[in-house]
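This structure is in structure tokens; I'll ask about it shortly.
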Amino acid sequence: MSLDTATVRRIARLARIGIEENETEGLARELNGIFGWIEQLDEVDVSGVAPMIGTGLATPRMREDVVTDGDRRDDVLSNAPDRVDAFFTVPKVVE
Amino acid sequence: MTYRIEGRTGTWEIVVGLEVHAQVISQAKLFSGASATYGGAPNTHVSFIDAGFPGMLPVVNRECVAQAVRTGLGLAAHINVVSRFDRKNYFYADLPQGYQISQFEHPIVGSGVIEIELADGATREIGITRLHLEQDAGKSMHDQDPTRSFIDLNRSGVALMEIVSEPDIRSPEEAGAYVRKLRQILRYLGTCDGNMEEGSMRADVNVSVRQAGEAFRTRCEIKNVNSIRYVMQAIEAEAQRQVEVWESGGTVDQETRLFDPGRGETRSLRSKEDAHDYRYFPDPDLLPLVLDEGWVAGLKASLPELPDAKRARLEADYGVTRYESGVLTAEQAIADFYETVARGLDTRLATNWVLGDFFAALNRTGRSIEDSPVSAASLRALLGLITDSTINGKIAKDVFEEMVDTGDEPMAIVERRGLKQVTDTGAIDAAIARVLADNADKVAEYKSGKDKLFGFFVGQTMKAMAGKGNPALVNEALKKQLAD
Amino acid sequence: MAADTPNALDMSLVEARDGLVRKAFSSVELTTAALAAVEALNPRLNAYITVTGDQALAQAAQADAAIAAGEAGPMAGVPVGIKDLFCTKGVRTTAASNILRDFVPPYESTVTANLRRDGAVFLGKTNLDEFAMGSGNLTSAFGPVENPWKRAGSDAALVPGGSSGGSAAAVAAGLGFGATGTDTGGSIRQPASYCGITGIKPTYGRCSRFGTIAFASSLDQAGPMARTVADCAVMLGSMAGFDAQDSTSVDRPVPDYLAACGRSLKGLRIGIPREYHAPGMPAEIEAIWQQGIAWLRDAGCEIVDVSLPHTKYGLATYYIIAPAECSSNLARYDGVRFGARVAGGTLDELYENTRRAGFGDETRRRIMMGTYVLSAGYYDAYYLKAQKVRSLIQRDFTDVFADVDVLLTPTAPSAAFAQDEKPSDPVQMYLNDIFTVPASMAGVPAMSVPAGVDAQGLPLGLQLIGRFFDEETLFAVGSALERAAAFTHRPALRASDVARAGIAS
């Protein structure tokens, strides 16, 4: 399947990565090259094969319902590029 | 009672399905050890996991899983002993990881059912499609700064149950009854407090309309409706809008909308070019959620009695009416209160008192059953005083008022105020003799056939006895003396 | 050997540790020497992004005190490098990305906490490919790392391999007795091979991922890189262990890996997977592989030809699954809570500007690939398909390990290449990991051991792949290979020479 510039724009948008209009052509070519190579997987017969989700090595575990964390506001905010009082900020969102 | 919209081109039926987000009652969050408590200063109930810091990993909270299982059992639903967490990927200011951990393909709870009752007493079954566990997002505040929105992550990572109904709902009233019943079940189970003002329950409402005999038409999803009244209003407004769109030759687009209670209308939330593509995939940081069957059985065994069962039992055991059982089981605390009062007593007397004077007192004092001014034990004691003829019913009402005001026990009030019933026939006879002597003219009238005056003599006698006369004995003695 | 003699930094980690415990020299002396070497060589090698001299000396003094008190941990006083993907509390952690250029984690990764517990001294944070995505340490926002090895008669800057290129170059050059690495598709083993050192990717779940910046969660594993097999054994013993904070961490005891290094190989069955005879593989690689086979046969192993039929598909599968997970894992770098932010008029502009400027070309490319393979209409064709192929790859390994104890393969299809020979086609670059990726996909442990040099004098590594949690057999076979290979070659640029020059002047 061929990946066109509209698709490049769509996935860049989904991934929130800004791209310039003059880049889309090159990106499409590059991604097409990679996915063309990936198409070799079409040769593999996977009928009846269950997908592998994780390595299946660990045993499922759950944490107890105890408050063991939090109350570290200053640490949580210590790397914020912009903050007001105890809040992170973003450009105003209008809904 | 069928809900229909009469349009220009015909009669329309509405089709509604609800996705209710119910916040799980737990100490800690779904995947972190931070507090799940509502409120708190901004960004204090936040771990690095909840803030999506690099290298942070989720570990699932056992109690949140148990709460989901309890809820599933309470909805008579199938419990999936193997389920899985998926990532729902999207960018938003209050979604720190850039994805929400949710359950997409394999939810923890499968299909179940809720029976709702409508105003006319009719009942309907609404199917539950599924229940899954997921994380809540943080909170954006848009009105504190002219150019910026502020982000508080206290809610980020709190466990939610998303309970999805089948598109079985056919009227705003049914939708309201559904949410009310769901909330009642959650509260009985202790899995969600159902507090819609604090956002611990909110509904996404899927609405479409169709004409008779049609398949489903396109639906719209109204997001985050936070009261039962708004759910009902939003359905009406949206259904009306869709009928108008169809009838004017347009098409309804599948989209997300918001309900504006001020204007009583819905409006489109996101522009169309920003189509959603959540790119769900299994969260590689988490293993499948595997439940021990014995553990599930243990949760099942420890479930409380649920509203429908309790209602049936109250009707059978206490002889209350269908209507009364509905009121008495609206909240578990009311039913508990009622049973504490009524067990072993004259159940009719108990029912009348709880639904009458007691509810009136709650209303008047603005208190809830949990902080009622009169305890169930005290009310039971008061009714005991009536039953064993310590006081009569009329005096009991006075005593009750004083119990509400002072919180004192009924016997203490009766003794303090000397309200015990007089059963000494000598005292009763003496009081009657005095009343008859003082009203010789009325006695003459009575004897000449004016039977109605009997009530007058009863009243005068009770008044003379400060209301404390045993009514049965007073009647009996009066009849005797008037016959002489 | 005293710590201030020129060759002190050439000691193995085990030798340094034993010398410290014997009090032949102090950790402060050793650390001072190592820091001096870093100061002298790092401007050229660029192996460290951040050097934490003051902290290192403080840790060294603590280690000396612990040694004096007879409470030395297994890594007490040993200076090591930490790949800049492990969060270190109060010390800038960048993932070699502009988006984290100034990020200072208020927490410590479990792996580095374990090393601290055992007394290790951290010289600093080593360079890597951005977010561990790359095979040449060419994608770092902090510039490329130069491999300390040189082709005979050439001063061309070679790549150290990647993504743990800074760790590999630092260890090879003697700027630390070991270093932590992470391996997602070969990021420990391939640079170890390029730099003539040993590195092991343990079984998935052996080392905690908590506090390690994620690239592809289902593949990422931390592991040690050091100059000898025994050094790796000591270091892995410290790094490994169960961690309740990582749901994929496996709860089983950590064996004594060092004790396994001397084990006899008598009766071990070594599988030689025929699919690793890649078309176009250089004759020298083939030759070193045959040499490795001969060594193990001489050590008493039985050599068995085996087949892992889905090997060929490992790489294509990897380039679906790893980018998919990465596209999601890297969504958190949005300029809101931490990291660099590029302003925007709207929230989406903020995201798009920040992520465009903050991520380099390769990272952006992988995020786009991952976004694509998960997107509506493509999930089944790519992601789901890849997960099924991954099942088959894992099954290949479990099948073959019913018959053999260890697999022996080359680590990489070539020796280190020059920085300016970087292929322009991303797929050509991806092919560097062709031999390392399958073990990553399966989750089994794998080790690279230096086995010889090519005609130009560049190191070549051999890879050993073992059963789940059977790192001990890898250490046993690895140390036998190491003995047989008697790999005494040293890189052109190294700390001991700098120290010697310093002493001479």
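When the chains are written out, they are named A, B and C in that same order, and each has its own residue count from 1.
Keep in mind that, in the parts below, a residue touches a chain if its C-beta (ideal position, glycine included) is under 8 Å from a C-beta of that chain, and two chains touch if they have at least 3 such contacts.
These numbers come from a predicted model, not from an experiment.
**Q** Among all chains, whose Cα centre is located farthest from the one for subunit B?
**A** The most remote chain is C.
**Q** Work out per-chain C-alpha centres and flag the one nearest the whole-protein C-alpha centre.
**A** The most central chain here turns out to be A.
**Q** Centroid of subunit A to centroid of subunit C, CA atoms only: how many Å?
**A** Spacing between the chain centres: roughly 24 Å.
**Q** Roughly how far is subunit B from subunit C, going centre to centre by Cα mean, in whole Å?
**A** Centre separation, subunit B to subunit C: 58 Å.
**Q** Can you compute the centre-to-centre distance for subunit A and subunit B, using the mean CA position of each chain? Integer Å is fine.
**A** 41
**Q** Touching at least two other chains at once: which residues of subunit B meet that condition?
**A** 48, 51, 59-60, 91, 93, 149, 151, 277, 279, 284, 287, in rising order.
**Q** Residues of subunit C that contact two or more other chains, please.
**A** In subunit C, residues 103, 106-107, 218, 244, 247-248, 327, 331, 334, 336-338, 347-348, 351, 371, 375 touch at least two other chains, as defined above.
**Q** Please list all residues of subunit A that touch 2 or more other chains.
**A** Subunit A, residues with two or more chain partners: 14, 16, 53-54, 58-61, 63, 72, 75-76, 82, 88, 90-91, 93.
**Q** Write out the stretch or stretches of subunit A touching subunit B in their complex.
**A** Listed in rising order, the residues of subunit A that touch subunit B are 14, 16, 53-54, 58-73, 75-77, 82, 84-95.
**Q** Show me the residue ranges of subunit B that touch subunit A in the complex, using the header's touch definition.
**A** 26-28, 32-35, 41-49, 51, 59-65, 84, 91, 93, 140-142, 144-153, 258, 269, 277, 279, 282, 284, 287-290
**Q** Considering only the defined contacts, which subunit A positions touch subunit C in the complex?
**A** Residues in contact with subunit C: 1, 3, 7-8, 10-12, 14-19, 27, 30-31, 33-35, 37-38, 40-41, 43-44, 46, 49-55, 57-61, 63, 72, 75-76, 78-82, 88, 90-91, 93.
**Q** Give every residue of subunit C touching subunit A within the complex, in rising order.
**A** 102-104, 106-107, 203-205, 218, 244, 247-251, 310, 312-313, 316-317, 319-320, 327, 331, 334-341, 344-353, 355-356, 359, 364-365, 367-369, 371-372, 375, 381-382, 384-392, 394, 425-427, 442-443, 468-469
**Q** Please output the residues of subunit B touching subunit C within their complex, sorted ascending.
**A** On the subunit B side, the touching residues are 48, 51-60, 87, 89, 91-93, 96-99, 149, 151, 277, 279-281, 284-287.
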